[in-house]
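Common to both upcoming complexes is subunit A, partnered first by subunit B, then by subunit C.
Moving on, here comes the complex of A and B:
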């Protein structure tokens, strides 16, 4: 492994143009992740056609690097403006934004930098050491029933966080699941709920919906606060977390690496579920649960470690099995195909150089998060000094381009603004936007894997639950639902 | 009425309407799939059924406890406040302006409509100094043009109506000349 890693590093840093592509990926991913309104997906969608003119290794490496640094960059907007750069940063905002409001933005961003780097580097190391055995384990033990069970567990976690009441938490997730049913059904390809619009046959695109629910709805919330005279400018703070504070959360970091890596390795699940589940586990293991959501450092640490830990793991199903784990890894498949390559077991035999350049680049990209992140954090925090009336149109313009660019449809811009209006109204009524978005993202994956699982076990639910990993995840999901319901009802009985 | 407010009833009616509409439209694709016993309708109908239960549960909770929070985790949003005079019309304008901008993208294109949209948003956010509105509008427009047109060459909506289309074409020609193409 070390020889291969050194060879990959030498290939990466031996060619000035490849170094340029690497640096562009690191800075581009970080910038597009950190600018509210656009995300790493916007940059990836713009760059996709240009990768045809790059070497295959450079093209794949560029996307892998953008994936690592963009996942970190999205945490900054989540913490500073309550606008997650990507869905995987949504749980970061639960505690990160209250920390900004409490004047602890520096501490939250500092923790995000460090934990993203730790999660990413740990994940890259495990990926380099064990891609093939882990992929083999996943092939043998993880099938559609397990993936459906994990989706169920993730949705159970999402329904219990972020809403004013448990009922609204469930309604949020269910609305997301209902939106996900728009478009063709994943088994028979039958059109559902397209209301006569051919563009809706492909379903609601994630990028505009996510931009609308997160970025546009936050702008509307701030507009309402401005109009009602309740707007408070976020407080700027340059105080970083101390080493002691971070050391006190070592168990949370370790747990989040494990959760993140496990979720990342499963095809189709990716970093979003990892962040939600890691946040849910942090709450479950904490003695002071009531402090979560009010600006607890552990919330930021858990979410950010897990989502970056999932980035390396997501490469395993992509490279070893040819299965993308999310939107950006799906674009990486397109990069492979542009160069007449197909990700999968053969790529390890036919293009080992490409694989090790990508692995080395991901390792160094995660390290660079630490270096560039710590140097640039103070500059980034100055974004808070820009008056919101000047930041809002910039975010809306960038979001418009972000929504339009992936499919070139004005309909997507309309969907984004509609999602923004719906998101604003739901947020102000106490619903959970991250719950809706997770339902939207996981809905189709859940349905597809449920259907495939049922076909596998010949519609025998007993056989479905006799699979150990599946049973454990279903039980954990059910326990999560029951415990959150118990906690909620106990609280409401006290208040009567 | 218990502790129910009018907003709770409106919320419940809207969700029940969503349930009814999605259930009614599910008959449009209610056809068997040869390889899958449950067909295309079962998953959406289960979701609709659960949403109906959750909506009624939410209504029951609001009947007993009003808008009180239930101690769930991670919530950070307070309730909307429209008590200040003029908030509602201003919010309607804030919500509609981006939608009008999106609707105009096809005929007018982004290059022509963007400055008006940017200025309108700044104004709606409470800025009343014309010099600041013009300066910031110009700055954001140049950032947008510089990043997406000059650096990234991103294909953006150009409009399909004269003279807006001609304006977009002029901008693209200027960019091509700038880049020496």
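Moving on, here comes the complex of A and C:
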């Protein structure tokens, strides 16, 4: 493995043009990842035709690098302005933005940079060591019932995040789950709650919903404070997390790498589920659950470690089996095909050089996040000096463009503003925006896999429990639910 | 059967390769005067699916070919969702000035068959070219031991008493579900269809043994065929394509129904100016002939059968499909509007 890695590194850095492609991918991914709506997918779609004129290894490597750095890029705007660059950065905003409000923006951004790099490098190393056996294990043991059980397990702790009471936390999750049912059902294609609007048949897209619930509702909250004279500009902080603080979160980092890697390895799942699941696990294992959603460093660490850990993992089913884990890895299949190559077992036999250049590039791209991130962070933090009256319209404009551009539908802009208004009202009443978003995103994934799983087990719900992984996750999720209900009752009794 | 995945893979490439070499463009004019200067700016192509799937890829390949030919850029506007209805609605609302074209698949025909208020691609739109036509097959894992060919598969499925599973995209009224209805009616077997809307989980389900078989088109699983991981046991087409000479057709296996084909093509509004439509017909039909597009189609197994239909050929294909779907929907008891 080490020899192959060194050979891949030599090929990557032995040619000036290849180095240029690598640097372009690193910077392009970060930039496009940071702008809401204009994601790394946009950059990949623009670049796709041009990869035909590159060497196969350069083309595939470029996309792999964009994937790594693009996943990190959205964390910065999530932390500083409550605008996640992509759905996989949404959990970063849960605690990252409150940290900015608390004058700890430097600490949050520093942790995001470091943990993205750690998660990405760790998954790149695991990817290099065990691509084929891991891919084969995943497809044999994890099917729709297991993915549903995983989502159920993740949702079971969602009530604890950011709400005034556990009951309101649950209500928030249920609102998210309800929103997730809008559009065609995932199996029969039957329209639900679309009120005759064709555009709603596609459901509520994640990007406008997230922009509305986070960015727009936040603008309303801050505008209200400004109008009532209670507004305080977030304090600019250049303090990075200390080594001691990071060391204290070593278990969270390790857990997030495992969760992110596990979610990333599942075909068709990817970084979004990884970030949400990892955040949920951070809450589950914490002794101070009520601190999540209010500016807890561990929330940022968990989300950012996991979403980057998923990038290396997502390459495993792609390279070993030809199964892309998401839209960007699906575009990578097209890059392979443009050069008369097919990802899958044959590519390891026919093009080992290409594989190791890609592996090496992903490793170094994740290291680049650390280097570039630390260099740029202090400059980026100065954006917080922009006065609210200038920043708010800028954020609204960016969010509006971001909501529209992802699908080119005016409906998405309307959804964003509606989500912003609803989010603002719910926040005033003590409901949890992270809970709603968790319900929305995990609900869509969970419903699809539940329906597929039910078909698979011939509508015998008990059969779910005959699958070991599925049974363990469902039992653990149920126990979490029961303990949550017990705590809620106990709290109610005390207050009475 | 092993021959297909051994020596036949080689012959498959040879057949595809020779088909490409022997390809003759059916559109003879190599150039075409622009009517009144049209187009004087970029065209917009609405694609009702995401950029990474089959439709996104064919749209990109055709856009590139037309641009190579004419020098006119084409901006692709992806509007995924609602099984193609979101994109179709957006397209019908776009100006009918010839600058807006649409990519769509046979889902548009089946949607119209189910509900006549949905646009009919053969009359509410003008097909510029159909550039991909393909058939479906049933696949199993190559290392499968419980069954090895179609007869043993049917026998095994019947013995499972409805517990056997097949992965496909079985949305209500879809080509896959209708074809499976034909197959189960003809064989008397009962099989649970598992609907996966994305390719990766669908193929992973078969590879990992989560399902027993897969319903798919050969171009989409080419890498698994090349890697000898999947093998076809049934071709749903009237005759054996040369590349799958060892795989029996549904008719040979005693199933007497007309196969439904998967097709992808390009359209313009029916009320777009006639001279502009004529130029677009030339550009897209000639674009099909470009080397880059032919190479793309070859890589997707789309040269195994004739993928090309001009405007009239496309209308015939669409109309026949609509009638076929409508008959089946009525027989299935669906509410045909």
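We adopt the following convention: the second predicted complex is superposed on the first by the 326 of 496 C-alpha atoms of A that agree within 3 Å, B and C clash if a C-alpha of one lies under 4 Å from a C-alpha of the other, contacts with A are read in each partner's own complex, and residues count from 1 in each chain.
What we mean here is this: a contact is a pair of C-beta atoms (placed from the backbone, for glycine too) under 8 Å apart; a residue touches a chain by one contact, two chains touch by 3 or more.
Quantities reported herein were computed from a predicted structural model and do not represent experimental measurements.
Touch criterion met: A:188 reaches subunit B and subunit C at once. After overlaying the two complexes on the shared chain, residue contacts for A:394 are found with subunit B alone; subunit C is out of touch.
By the touch criterion defined above, A:408 lies against subunit B and subunit C together after alignment on the C-alpha atoms of chain A.
Touch criterion met: A:456 reaches subunit C, while subunit B stays clear of it.
After overlaying the two complexes on the shared chain, residue contacts for A:85 are found with neither subunit B nor subunit C. In the superposed pair of complexes, A:324 makes contact with subunit C only, with no contact to subunit B. Looking at the shared chain after the overlay, A:491 reaches subunit B, while subunit C stays out of its contact range. Residue contacts after overlaying the shared chain place A:337 against subunit C, while subunit B stays out of touching range. Set side by side, subunit B and subunit C differ in how many residues of subunit A they touch, and the one touching more is B.
Looking at subunit A, you'll find residues 187-188, 190-191, 408, 451, 455 touch subunit B in one structure and subunit C in the other.
On the side of subunit C, the complex with subunit A involves touching residues 50-53, 57, 60, 64, 77-83, 85-86, 89-90, 162-163, 165, 170-174, 192-201, 203-205, 207-211, 222-224, 226-227, 229, 299. Within the complex, the subunit A residues that touch subunit B are 46, 82, 91, 93-95, 97-98, 160-171, 174-175, 177-178, 181, 185, 187-188, 190-193, 195, 216, 220-221, 223-224, 226-230, 279, 283, 289-290, 292-293, 299, 388-390, 392-394, 396-398, 400-401, 404-405, 408, 410, 413-414, 416-418, 420-421, 424, 427-430, 432, 434, 447, 450-451, 454-455, 459, 484, 487-492, 495-496. Residues 7, 11, 15, 18, 22, 25-26, 29, 31, 33-40, 43-44, 47-48, 50-51, 54-55, 57-58, 61, 64-65, 67-77, 79-84, 86-87, 90-91, 94-95, 98-99, 101-103, 105-106, 110, 114, 117-118, 121-122, 124-127, 136-137, 140, 143-144, 148, 152, 154-157 of subunit B touch subunit A in their complex.
Those residues of subunit A lying in contact with subunit C across their complex are 41, 45, 48-49, 138-144, 183-184, 186-191, 198-199, 201-203, 267-268, 317, 321-325, 327-328, 330-331, 333-334, 337, 340, 342-346, 407-409, 448, 451-452, 455-456, 458.
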